[in-house]
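Can you read through this structure? Questions will come right after.
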Amino acid sequence: MDNVIVHVGCPSIMDSKDLAAHAASCGADAISAVCPSFVKPSSLDALVLYLQEVASAAPSLPFYYYHIPKLTGITYQINDLLGKVKQNIPSFRGVKFSDVNLMEFSLCVHAYKEYDFLYGVDEQLLGALAFGAHGAVGSTYNYLGKITGDLVKAFEDGNIQNARNIQFCIQEFLIYVFDMGWGLPEFKDIMSLFSGIPLGPSRLPLVSSIRSDHHDAIKDRIKKMDSV
Amino acid sequence: MDNVIVHVGCPSIMDSKDLAAHAASCGADAISAVCPSFVKPSSLDALVLYLQEVASAAPSLPFYYYHIPKLTGITYQINDLLGKVKQNIPSFRGVKFSDVNLMEFSLCVHAYKEYDFLYGVDEQLLGALAFGAHGAVGSTYNYLGKITGDLVKAFEDGNIQNARNIQFCIQEFLIYVFDMGWGLPEFKDIMSLFSGIPLGPSRLPLVSSIRSDHHDAIKDRIKKMDSV
Amino acid sequence: MDNVIVHVGCPSIMDSKDLAAHAASCGADAISAVCPSFVKPSSLDALVLYLQEVASAAPSLPFYYYHIPKLTGITYQINDLLGKVKQNIPSFRGVKFSDVNLMEFSLCVHAYKEYDFLYGVDEQLLGALAFGAHGAVGSTYNYLGKITGDLVKAFEDGNIQNARNIQFCIQEFLIYVFDMGWGLPEFKDIMSLFSGIPLGPSRLPLVSSIRSDHHDAIKDRIKKMDSV
Amino acid sequence: MDNVIVHVGCPSIMDSKDLAAHAASCGADAISAVCPSFVKPSSLDALVLYLQEVASAAPSLPFYYYHIPKLTGITYQINDLLGKVKQNIPSFRGVKFSDVNLMEFSLCVHAYKEYDFLYGVDEQLLGALAFGAHGAVGSTYNYLGKITGDLVKAFEDGNIQNARNIQFCIQEFLIYVFDMGWGLPEFKDIMSLFSGIPLGPSRLPLVSSIRSDHHDAIKDRIKKMDSV
């Protein structure tokens, strides 16, 4: 059975709270939020107050903090954050951790066993699994879902060499498209392509560099990989 | 006579266009926008497309690009941007330039005499005046307006030493409050304090560190400076 | 039997070559070098030329490139570097990889099976082991050697949970000393303390914050950990 | 009459002291040093200790600190540094300030009138002159000396518009060569070309991209500018 976690983080806390309440009214399973980052939180305590306020707009839903410092520039240590969150946000349930600092990730996993830690740097998921990640959330799983499931299973079965080979296969694909300059709009195009659900183009200032006559070649490459 | 320039830049281009149209309907004198930055523009051309789309929602209003790379991480050279803007955005009128790279600023001022270049790093306005800034837009001018007017006048009168002394006086105040950790919420509090207009507190995750029993001391310090 | 790898990277290539030749004359087992970084290499090709020139001063010794982008700011992808190195440096043997980008690490391990990849971010060694690291080089191994050996053995035995626990134990120690502000000079002091070899103080501008009356407490804490 | 300031900053403090003593024995007029930056100073106090130790190796020579945070990553505020330097280094005479933060520059010029502040970002010298720079030290002055002298004179004569035009002319040249990818090795080549003194090629990992058949074109372009 699928779970739907609705992302509600907006630059305006009023919008975030509206989205949180709307998610609750629609039957979402959980909500998640990044912190506004155009202007950074005044302090770690201010970040906690923000999360508390958003979570309180949907108190019945599990709340996940979305940590992605490369995009937000918000670099407070998550292990420091969790100590304060624990005392203040009863609906807090975990973190989507999108960073390469695996010491920080490990410190969280060990010290906060009551929370979920879902890893978000798809290209090195295996590293996070080694440190005890409870799951993974990432855009590539929309079209590399089967092969990633195989990776997780290989790891859980203790077959590290197989897990490495699968992760390498995913990395080879990603380095290939990164070298072509792919970013969010191109990855969104692939999602439409694979799901068959018309997601529409990215909005400006994002512009995809994929031309429609490349679609078949991309589909072939990904399908081949997913059947490894 | 005052001019009102409405800032309309939002993470969603739909919101930005709505605000632009609303500004036109309200009789604003001009609009201005930052580019969305949580996800960066795909390219310089994509940034131009974004600005073009927003400007087109209020085609009768002069349009200013708000360049503040320290907050947005968008670092395309403005002199490169302007060549493309010129061909594509008829209502383009200038740049709020909030960066310390004065070579880039100077290249713009010299090569695009048809546009306004308004400087936005208040603490070193004198440097931009030396390079031909046409004006200044900044938050400190809400409470340091008179003294800054004196600075500009001293510079225009060729009295550099006097301009330096005034700028130094402003800097001394700013380094004093920066060292206390002031940021946006504290500066917003000062605006309320000086204007008498109740602007309300900053929204989360911004929290002011000014306690109300400090208000008189702050007022005294600024008033003393503004009467230098 | 121990192997001695002599680090020879200096800002001056002449000094680097002298040290390389000296290492060969002394019977070192291998040499290693960072690239000068006060001024960065002109290009990836220039970096290869530099490494080639240094390696050629001790052609009989295996050569390791020391990749530590957080200190050097040199961020060329190592998988790109190795393609060029392979054709130009016969004595090249591997990389000390001190970075948290494990995709790049994995790409190297898979594509260049003829080289050694020794991991250098001690606090997340387990992540690199998952990707197939052949070994580890780091300062903490001077006093956390036994416990780290246990970590590697647990991993090799397929006992991931045990490896995690050991790595967490090391991380807890490191976060504790990082939070006290420890850096290179403090870690050097510990090495003297544990080895019994008087290494002398760090040279300026490094100054240790450890007072000698803390030595016993530090020794106790580390000994307790090493006997986990 | 020319003054010779010898740069003595090395990664090893022993080398720095040797060079300082050597400079004194050769009759240099002053010495200057960057702080080692591959590993950063432990604290502002440690930086002062380092400078004090180097200066003490040539106590009869005026000592200048070379502040270039973009290369060193050492970002202590110079106005904070000077308070400590003043009490500890009797031979201290000033700063080569190679940064675009002109508030910090201005705070130094005003608060430490006993020291010289020589600006080092050639492409925006005019901004520093506006804040009271006492001079300029930069590599471009080896071949753009006359035109820069004209800039300084125009500024001192109160002819700001003329100073702007000259600075713009220099900037146009620099943006032209920056856009071609020029860096240190290319600028060194120009020095040889103009001085007639054979300075030799840059050492690895620096490689110049200038081909010798371009020398005449470069000479022409610079000569034309220097006769503006």
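By written order: A, B, C and D. Residues from 1 in each chain.
Basically, a contact is a pair of C-beta atoms (placed from the backbone, for glycine too) under 8 Å apart; a residue touches a chain by one contact, two chains touch by 3 or more.
Just so you know, these numbers come straight off a predicted model, no measurement behind them.
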Mutual neighbours - chains that touch chain B and chain C alike: A, D
CA centroid of chain A to CA centroid of chain B, Å: 34
Whole-Å gap between the CA centroids of chain B and chain D: 31
Chain A-chain D separation of Cα centroids, rounded to whole Å: 46
Interchain contacts (touch definition) - all pairs: A-B, A-C, B-D, C-D
Residues of chain C that touch chain A when the two form their complex: 79, 100-103, 106-107, 110, 123-124, 126-132, 158, 160, 163-164, 167-168, 171-172, 174-175
Footprint of chain A on chain B - complex, ascending: 10-14, 34-43, 45-47, 49-50, 53, 71-73, 183-185, 203-209
